[in-house]
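Take a look at these structures.
Okay, so subunit A shows up in both of these, paired with subunit B first and subunit C after.
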Partner chain A sequence: MTGFAVQVRDLTVRYGSTVALDNVSFDLRPGVITGLLGRNGSGKTTFLSVAAAFRRATSGAVLVDGEDPWENARVMGGTCLVRESGDVLLDEPITENLGFLEQRRPTFDRTAAETLLEVLEIDPSKRPDKLSRGQRSAFGVVVGVATRAPLTLLDEVHLGMDAPARYAFYDALLADWIEHPRTIVLSSHLIGEVERLLEDVVILDHGQVLAADDAATLREQGLTVTGPADAVDTFVAGRRVVARQALGRTAQATVIGSVPDDGARARAAGLELGAVGLQDLFVHLTGHPAADDTARADTLTPQESR
Partner chain B sequence: MTTATPAVPSPGPTTTGPGYLVGQVWPTARWLLRAAIYLAVWFWGLAVVAVTIATVVVAVVSEPTVSILAFARQGAIWFPFAVFIAVSTAYFSVHVATGLTRRSFALGAIVTAAVTALVYGGAFSVLLLVERAVYGAVGWEWRFFDDLSAGAGPGTFIPASLLTYLVAYLSGLLVGMAYQRGGGFAGTVTLPLTAGPILLVSALFSADTGPIATESWFGGRGLSVPIAVAAALLVAAAMAVAFDRLARGAAVPVRTT
Partner chain C sequence: MFDGRDPLYVQIADQIRNDVLSGALQAEEQVMSTTQYATTFRINPATAAKAFAELVDEGVVYKRRGVGMFVAPGAREKLRAERRESFFADVVDPVLEQARLLGIDVDEVVARLRERADHAGRAAHPDPTPQAGAR
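Here is the complex of A and B:
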C-alpha cells in the first residue's frame, strides 16, 4: 500500500456568502506525509471535509486515488478523517469503539490501537464522552493511526493534548508510517513540532493556496543568518527580515529570498547560514499586518520560489 | 507537488484488495438493531411491571374493564421515535466518518426502523393477548380502548400498531435528517410533513375516537382496515424515500467540543 494520491482542481466551497476555498488547485503525493498549514478560517478543515466526502464542493473537483470520493464506497472506505471532536461512539466504551471500527475498517489494526492506547495512557474501559479534552484528542489519534487508511487526514488532532502525549503521537505516527507507508495529511498549528515529520507542505490562507511544495524547497525560500549582531544586521540590511532573535551579542535573523553570493558574504563576515524554519516562513506568508500593505503585496508566492 | 497545474490524467485506483467494507447495509442495520432491541427489552420490561402494578391497583379499587397495557401504545410510538431522531443526527456523522456511504446509512436505518416496528408491534400484540387471557381467566371484561376505534379487536390493533410504529420510527429518522439538513428553522417548519404522518396514520385507524375522528372525513364511516393498511403503507414508503433522498445528500456537520 502506498496510499491514495489527491488531486485538487479549481476547488471552491462556499457557506452562504462566505467563501471557504476559492478556486484552489494542488496535488498531494501518495505515500507522503503532507503538512496542511493555515491560520484559523483558512479553509483547512473545509478541504479535508471535501476530500473525505464529509461535504460536497460548490465547484471544482477533488479526486482521491483518481475518483470522486462522494458516495464512493472504495474511496470513502480508504479514507479516514479524524477531526478534533472525534466522530466516535461517545456513549460506548473505547473497547466497544474498537470493535465497531474493526467491523467497518478492513485495514484497522486493533493490536496497534491497544498498544497506542497504552502509550497515551487512555483507559479503554472509559467512554469517550467521559475523557478529558486531551484524552479524547488522543483517542482520535489512536483511531487515525490504527485505521491505517490509504488516505489518513488528521485535522488538528493534537488540540488539548499535553506535550508528552503530542510527542508520543508524533513518534507513533512516524513509526507506523514507516512500517505501513500511506498518504497522511496533518493539519496543525504547531508547525515547529510537526516540521520534522513533513515531507510536503500546503499552506492555505483565506481560502487560497499560498504555497504547495516539498518542505525542503520551501525552506530554500529563505535563510537564517546567525552570528555577531552587527554583522547580521549588515548582512540583512535592505532585505526582507521576517524574524529576528538576539542573545547578548549574538543574533539570528530570518530573511526571505537569497542572492547568489550569500555564502561567500556570510563566510567573509563570520556568519552561519541555515535553512529557514517552516514556522517563520508560515508566519511570513500568512501575516497580514495592517500597516504593512507593501510587504504583503510582495509576499512570496509558490510560483516565485520556482 | 505543484500548484495550479493543469489537470493530469487520473493515475487510476491503487487498492487491489477490498480495502473497504463490502455490503455495508446489513452491518449498519445489525449495529442499529442491537441498540434498538436492547432499548426495546428495557421498554417492554418496564411496561410489564408498570401494567402489572396498575392492574393490581385497579382490581383492588374496582374491576378492570379495558386493557391497561393498551395505554403503553403511545410510549411505544414516541420513545423509539426519539431514538430514531438520534440515529439521524448523532449516528450519521459516525457512520460516514468510519468510511461508510450515506446510502448504506439510509438503507440500514430504514431496515432497522421496519424491524424495530415488528419487534415493538409483536411484543405489544403478544402482551395484549396475554393480558386478554388473564382478564378472561379472572372473569374481567377486556376491551382495547386507546385511540383506536372503541372495542377494536386484534384484527385492527395488530396492523394499526405495526404500521403506526413503522411510520413513527421512519418519522423519527426524517425529523432528525430534516434538522440535520436544514437546521433548526427548516427542521421545525417541516414538522407537519415529517412528524405529521404519525397523526395521519393514527387517524386512519381511529374512526370514532380521539381528537381526530376520521368518520367525519369519510361520510360517517371509518376506513376499512385493509384500506387503512394500504394507505399507511403508502405513507411509510413515501417517508422512507424522502429520508433516503435527504440522507444521501447530507453533509457531516462541523462539531465542536
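Here is the complex of A and C:
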C-alpha cells in the first residue's frame, strides 16, 4: 500500500454567496506527505471536507484513488480526516473509542495507538470531553496516525498542543509513515515547524491555488539580494520583487523566481544572495497589502514554480 | 543543526562530505540510512534521499543493494583534490579582499600566515631540543 492519489479538477465550492474554493486544480501524489498551507479562510478545510466526502462540491471534481469519494464505501474506508475537534466519540472513554475504531477501520493498529497515547501522556480511561484542549488534539493525532488510512487528512490537528507534544507528534508521524507509507495531508499554520516534514506543498489563498509543487523547488524560488542599493536594483530589474528594504545605501530585495546564473552574476556585482524560507515565502505570497487583484497577480506562473 | 541558508539536502550532503574529509567517516564505512537521517533530524526521507543521490553521483558514497550506503574508496582523496582547487578562490581571495578593505598590507597577511604556520608546525612536530620547544 502506498496510499491514495488525489486529483482535484476545477473544484468550486460555494456557501451561499461565499466562494470557498474557486475553480482549483492540483494533484496530491500518492505516498507523499503534502503540506496544505493557507491563511484562515483560504479554503483548506473546505477542500479536506470534500476530499473526505463530508461535503459535496458545487462544481468540478475530486478523485480519490481514481474515484468520486461521495458515498463511495471503498474509498471512504481508506480515508481518514481528523479535524481540530478530533472527530472522536467525545463522551466515551478513550479505550471505548479505540475499540470502535478497531471494529470500523481495517487498517487501525491498536498497539500503535496505545504506544502513542503513552508517548503523548494521555490517560486512556478518560473521556475526550474531559481532556484539556491540547490533550484532546493529541488524541485526534493518535487516531489519525494509528488509523493508517491510505489517505490521511490532518486538519490543524496540533492546535492547543504544546511544543513538546507537537514535536512528539511530528516524530511519531514520520516514523509511522516511514514504516507504513501512505498519502498524508497536513494542514498547518506552523510552517516553520512542519516544513522539513513535507515533500510537497500546496498553498491556498482566497480559495485559489497560489503554488503546488515539491517543497524544495518552492523554497528555491525565493531569493534575497543584498548589497549597494543601485546594484540591487539593477540585479532585480524586470523581476518580480515582493519585498524591498533599504538601510542607508544598502538594500535588500526579495524576488520570486531564480535564474541559473544568479550566483555568478551576484558575485560579479558584489551582491549577496540568500534563501527565503518557506514561511517567509508564504507570507510574501499570501500577505496582500493592496487589493485582491495583486493577490491574483502573485500566483506562481508555471515556469516560476518549475 | 541544519539552520543554514542552503537547501537542507545540500547541508546534509556537505556534512557527510566534511565527515569524509576529516576522516570521521572512513572508506567502506557505512553511512546513516535515509530513514535514520529522517527520524533523527525530523526531516522528510525524500530530502535525505536527495542528498544521498547527489553523493552517489559524485562517487563519494555508493549503494550496496539491500544493505545500505558506504563511503566509496578514494572518496577522501577525491574530495581533497576538489576542495584544494577551490581553496584559493573560496578562502584566500576573500581574505585579500577584506585586507584591502581594511587597509592591511598583503605583506602583513603573509607574515601572519608564516607565523601561524610555524607555530602549528612546532605544535605538530615538537622540536626535541629544549630551547626551541620553549614557548
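As a working rule, the second predicted complex is superposed on the first by the 246 of 306 C-alpha atoms of A that agree within 3 Å, B and C clash if a C-alpha of one lies under 4 Å from a C-alpha of the other, contacts with A are read in each partner's own complex, and residues count from 1 in each chain.
Here is the rule we go by: contacts are C-beta pairs under 8 Å (C-beta built on N, C-alpha and C of every residue); 3 or more make two chains touch, one makes a residue touch a chain.
Since the model is a prediction, treat every value here as computed from it, not as a measurement.
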Are subunit B and subunit C a fit on subunit A, or do they clash, once the structures share the same frame?
fit
Larger residue footprint on subunit A, choosing between subunit B and subunit C, goes to B
Check whether A:A175 is in contact with subunit B, with subunit C, with both or with neither, and answer first, second, both or neither.
second
By the touch definition at the top of the document, which applies to A:G192: first (subunit B), second (subunit C), both, or neither?
neither
After lining up the shared chain so the two structures overlap, which partner does A:P164 touch, if you call subunit B first and subunit C second: first, second, both or neither?
neither
Is A:M76 in contact with subunit B, with subunit C, with both, or with neither (first, second, both, neither)?
first
Name the contact category of A:F54: first (subunit B only), second (subunit C only), both, or neither.
first
Regarding the shared-chain residue A:G263, is it in contact with subunit B (first), subunit C (second), both, or neither?
neither
First, second, both or neither for A:L101, with subunit B first and subunit C second
first
Considering only C-alpha atoms, give the closest distance between subunit B and subunit C in the superposition, rounded to the nearest Å.
15
In the complex formed with subunit A, which residues of subunit B make contact?
1-5, 7-8, 10-15, 17-22, 24, 27, 31, 90, 93-94, 96-104, 248-249, 251-252, 254-257
Which stretch or stretches of subunit A touch subunit B in the complex?
1-5, 7, 9, 25-30, 34, 45, 49, 52-56, 63, 65-67, 71-74, 76-81, 83-85, 87-90, 100-101, 103-107, 133, 136, 149-150, 200, 202, 209, 211-214, 302-303
Subunit C residues within the subunit A interface of the complex:
5-9, 35, 38-39, 41-47, 50
Which residues of subunit A touch subunit C in their complex?
32-33, 167, 170-171, 174-175, 178, 196-199, 215-216, 219-220, 274-275
